[in-house]
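Each structure below appears as structure tokens.
Next come two complexes, and both contain subunit A; in the first it sits with subunit B, in the second with subunit C.
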Partner chain A sequence: MEKNTKHLPVQHIIGFLLSIVLTLLAVWAALGSDLPVKWIIIAIMVLAVIQAGIQLFMFMHMTESASGGGHVPWNMMFHGFVLAAIVVAGSLFTMSFGFTHDHDGDHSGHGSHQEEQQMHD
Partner chain B sequence: MSTQEWSTGPYEYRTQEGRMTILGFWIFLGAEVVLFSTLFATYAVLFGRTADAPLPGDLFEPGITLAMTFLLLTSSFTCGLAIHNMRAGSLKGLITWLIITLALGLGFLGFEIYEFVHYAHEGATLQSSAFWSAFFVLAGTHGVHVTLGIGWAVLLLIQLVQRGLNPVTSRKVFVVSLYWHFLDVIWIFIFTSVYLIGMVV
Partner chain C sequence: MKLDEFFVTGEPLIYGGMVSIVLVTSAAIFLLTYLKRWGWLWQEWLTTVDHKKIGIMYILSALAMLFRGGVDALMMRIQLTFPNMNFLGAQHYDEIFTTHGTVMIIFMAMPFLIGLMNIVVPLQIGARDFAFPFLNALSFWSFFFGAMLFNVSFVIGGSPDAGWTSYTPLAGAALSPGPGQNFYLLGLQLAGIGTLATGINLMVTILKMRAPGMKLFQMPIFTWSTLVTTFIIIFAFPILTVALALMTIDRIFGAQFFTLTGEGMPMMWANLFWMWGHPEVYIVILPAFGIFSEIIATFARKQLFGYKAMVWSMILIAGLSFLVWVHHFFTMGAGALVNSVFSVSTMLIAVPTGVKIFNWLATLYKSRIQITTAMLWALAFIPSFVMGGVTGVMLGMAAADYQFHNSYFLIAHFHYVLIAGTVFACFAGLVYWYPKMFGHKMNERIGKHSFWWFLIGFHVCFFPQHFVGLDGMPRRIFTIIPEWMPLNVISTVGAFGMGVGFVIFVYNIYYSWKNSPRETNGDAWDGRTLEWATPTPVPFYNFATVPKVSGLDAFLSMKKKGETTFDETKLEAIHMPSNTGRPFIMMGILFFASFALVFEWIGLAAVGLIGTLIMMGIRSFDYDEGYYVEVDEIKKIERTVRGL
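Entry: the complex of A and B
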């Protein structure tokens, strides 16, 4: 790491270019491609996870040894990401029961009165 | 306070206190991941519950969203360059790249404020529907983080000008850089799961 300081920050430049490419790829997949919606969502979420990884590993000095390896609490970060996954997936799973709405069905009216009806159901 | 010191390596790692501060900041970031996960979960659950308010697909614009994304991505990159300069011992390089980073961050904020005002004119506010409440709280919390980050970095710039580079200022700048990169991580997920999916579904 210290030996690189005089040179170009190669890792940052590669990370930046990769982020731009991945962003454009996600935009193309979402707005320009003819993929089914389900596959678009899966594809762009995977691209987002890869981009987050680029930030964490190529920009945030997670893996450098200059600190004696003691500056990143891996167990805490792992814990944080696992909790995040459980919170998001768990909420979606739990709320998928009896919390449906009509928007994907008939589009004739997304009015308040349909919503109201559901609340009484 | 710091019992152990090292004479080589980046300044920010040279004292035990510096290392522990950076470790502590990572723990804070882990907690931030969980904080944002609750907002993402709320948004995901309330997706589509727009009541009488406009639909997200009608308001989200690819151009503005992409401009915001590139501003923040580039600012994350220039923030990395700032740390690179700091480690090469260049105070001037560090300050220059940090100011560029802040300018890009301000550009991002400008777009976000414009966007929120525009949505409000179109009838989508915090009060209009469950969906828009979740949207504004999620995007707004990120925006508040960016605002705080800009204020924090401006204060550090003043310290850098006054005190120069030493183990304490280096550690502070390193921590703010971690924060800034982290905001980009969160934005990637807002960009993908809110804006892109909002425009597709």
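Entry: the complex of A and C
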């Protein structure tokens, strides 16, 4: 093994600190700020995208093909995105079709009423 | 906090548990001191990064957990047989079915299989260790401490009691106050770190460290099943991590993700839990399929029939396993469209599973079967597992599930798949690879006794549960009505039969250690795959020279050509990783932090967390590059183990 691995992994340290800062920012946005809910959600989404970018470019191997040392793991990334889509779309699908979330104890369901009617036709 | 709030008081059974913990611990400490084995324990085991030793530690822990989960099971059976004896109260019964389920799935089934993977996969692909040996040790200790954290709950603080599924709102802070549920959350979280890391570690090992020439479609089938499993682990476990973290934040820091008040969504827990949970059941069954495939091919003395179909069906099952989770809560009130979609996807899984069943049968067809103990487990698996699959498809019909759901019919289903699938595979795999691990076989005669006790006990225990379920007996109840009594008594008899089988199995470990003839060459069963090419006991570097692979069943062709893994002309110094105590220490500190968090001692937890971060920092600046085993030493070792 070469000894050239001994210098500080500067990029990783910066990335690490950045991701902690971004997380704290998100916590502050949710707990400490006076922003309207809509803006809090947008802010958190934006922070999440930046966070993902940091992970991909500063820790993962997105930049390695340029240096000739490796390849971009498109395959795994693709599967990761598919899974994220399943989690989000799947949750929305199962949580919103046929359920109501209002608290007035009315279980007949408003949103799904029509749909159910069609099913029973 | 007063001492009597810290320790669980007032239950004679739990006092008994405490006494036996103290006795066993002091006996272990006494023996280690008396035999002067502390140094040995530290150097050979606690600091090892050798995948074979880590695998053995996984399996030993898993057997201990099987014992714990088994005792829970027998206690539940006793209660249901004598419901009026007040053996277990309602609260105690709730705690026991919760710990039984959690221990069996998270701390028994998975670690047992991961232990076998640890030992076997590098040997099957011609690797000298995992891709990341340090991380592998870390994974083991994370599992071990996670399991310990979960297991102390019954004497310290009180066990969780909301079921292994921990549905909210029941498991939330309002309805389950106290540390019990926190033990569940943090125990699983801690062990989950290790599972995820092992998933990544094994995937990289299999993708990057195969012997020269071994293509993906030439890998032994158990390695394939492991690779597919690592994909499921990597994609499913983050969901559990997030769900556990959200519930922890709910309970400890007062958030409202899953509460009824504050606009939380209790249903979202069930949703997230099963998005992980269904893939999880495939995490514990696919490796089992792999084990049975190896055993059936070896003892049918034939190449596995339809190797490619076997691989593709596993890949298909893995993909589908992410698309069926709603079948666990058909009855929670989603609309007909949702239920129909997931009904169809659920039943689809039976197709690739059926393909596998027919491939096993075709492998057996017209072969000369050698009835060894390992093969008996594999043969019994096929029909028993099919029964679990059939009830699975029945449960998958959403409309019918309104009848079956949460009844003993469901209990029968998942025990048929989990015991006849996973547990049989663990026993079979252990028996099959035992000579590779310990240098001697397990006694066949005693092994067959334990097999028959267990198999018959299993069917006597769980077959009647289909009927008592259809008669309306719900799961998770501690008293029953007279109509259900007779079948329950039969069940209990069967459960004790399984208990006897397990005791014989463990006795066999002791008996064989004393009496079995030692292996003289590494190929105990006339095997086909590379793990049998190594000598027994396997040298710590596994392969003195790594063979070149050019087809399926690599060792079979090596034997034909008269090649071994010790080619003196090709010897080179071997690079190996150094032992290290850091994984143990780091996870010990994280255990401390988690324990503090269970009791919501935030200050102490923070201290533990900082300690963990410091350990991570130290690791980041660790430049230990391992060491080289010189050619002379390799020669010496190989000549001794090969008797040259």
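We adopt the following convention: the second predicted complex is superposed on the first by the 61 of 121 C-alpha atoms of A that agree within 3 Å, B and C clash if a C-alpha of one lies under 4 Å from a C-alpha of the other, contacts with A are read in each partner's own complex, and residues count from 1 in each chain.
Heads up, the rule we're going with is that contacts are C-beta pairs under 8 Å (C-beta built on N, C-alpha and C of every residue); 3 or more make two chains touch, one makes a residue touch a chain.
This one's a predicted model, so the numbers in the text were calculated from it and none came from an experiment.
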For A:M95, decide between first (touching subunit B), second (touching subunit C), both and neither. both
Under the stated touch criterion, which partner chain does A:V37 make contact with: subunit B (first), subunit C (second), both, or neither? first
Determine, for the superposed model, which of the two partners subunit B and subunit C contacts more residues of subunit A. B
One more residue to check, A:V72. First (subunit B), second (subunit C), both or neither? first
Which of the two partners, first being subunit B and second being subunit C, lies in contact with A:V21: first, second, both, or neither? neither
Subunit B versus subunit C as contact partner of A:G80, first or second or both or neither: both
Check: subunit A residues flagged as touching subunit B and also subunit C 1, 5-6, 9, 79-80, 83, 87, 90-91, 95, 99, 101, 112, 115
Note which residues of subunit A are touching subunit C in the complex, please. 1, 5-6, 9, 79-80, 83, 86-87, 90-91, 93-95, 97-99, 101, 112, 115-116, 119
Name, in rising order, each residue of subunit B that touches subunit A in their complex. 8-10, 13, 19, 22-23, 26-27, 29-34, 36-38, 40-42, 44-45, 48-52, 55, 62, 66, 69-70, 73-74, 76-77, 79-81, 83-84, 87-89, 178, 181-182, 184-185, 188-189, 191-193, 196-197, 199-201
Looking at the complex, which residues from subunit A come into contact with subunit B? 1-2, 5-6, 9, 12, 15-16, 19-20, 23, 26-27, 30-31, 37, 40-41, 44-45, 47-48, 51-52, 55-56, 59-61, 66-68, 70-73, 76-77, 79-81, 83-85, 87-88, 90-92, 95, 99, 101, 103-104, 110-112, 115
Provide the residue numbers of subunit C that touch subunit A in the complex, in ascending order. 231, 235, 239, 265, 267-268, 271-272, 275, 322-323, 325-326, 333-338, 341-342, 620, 623, 625
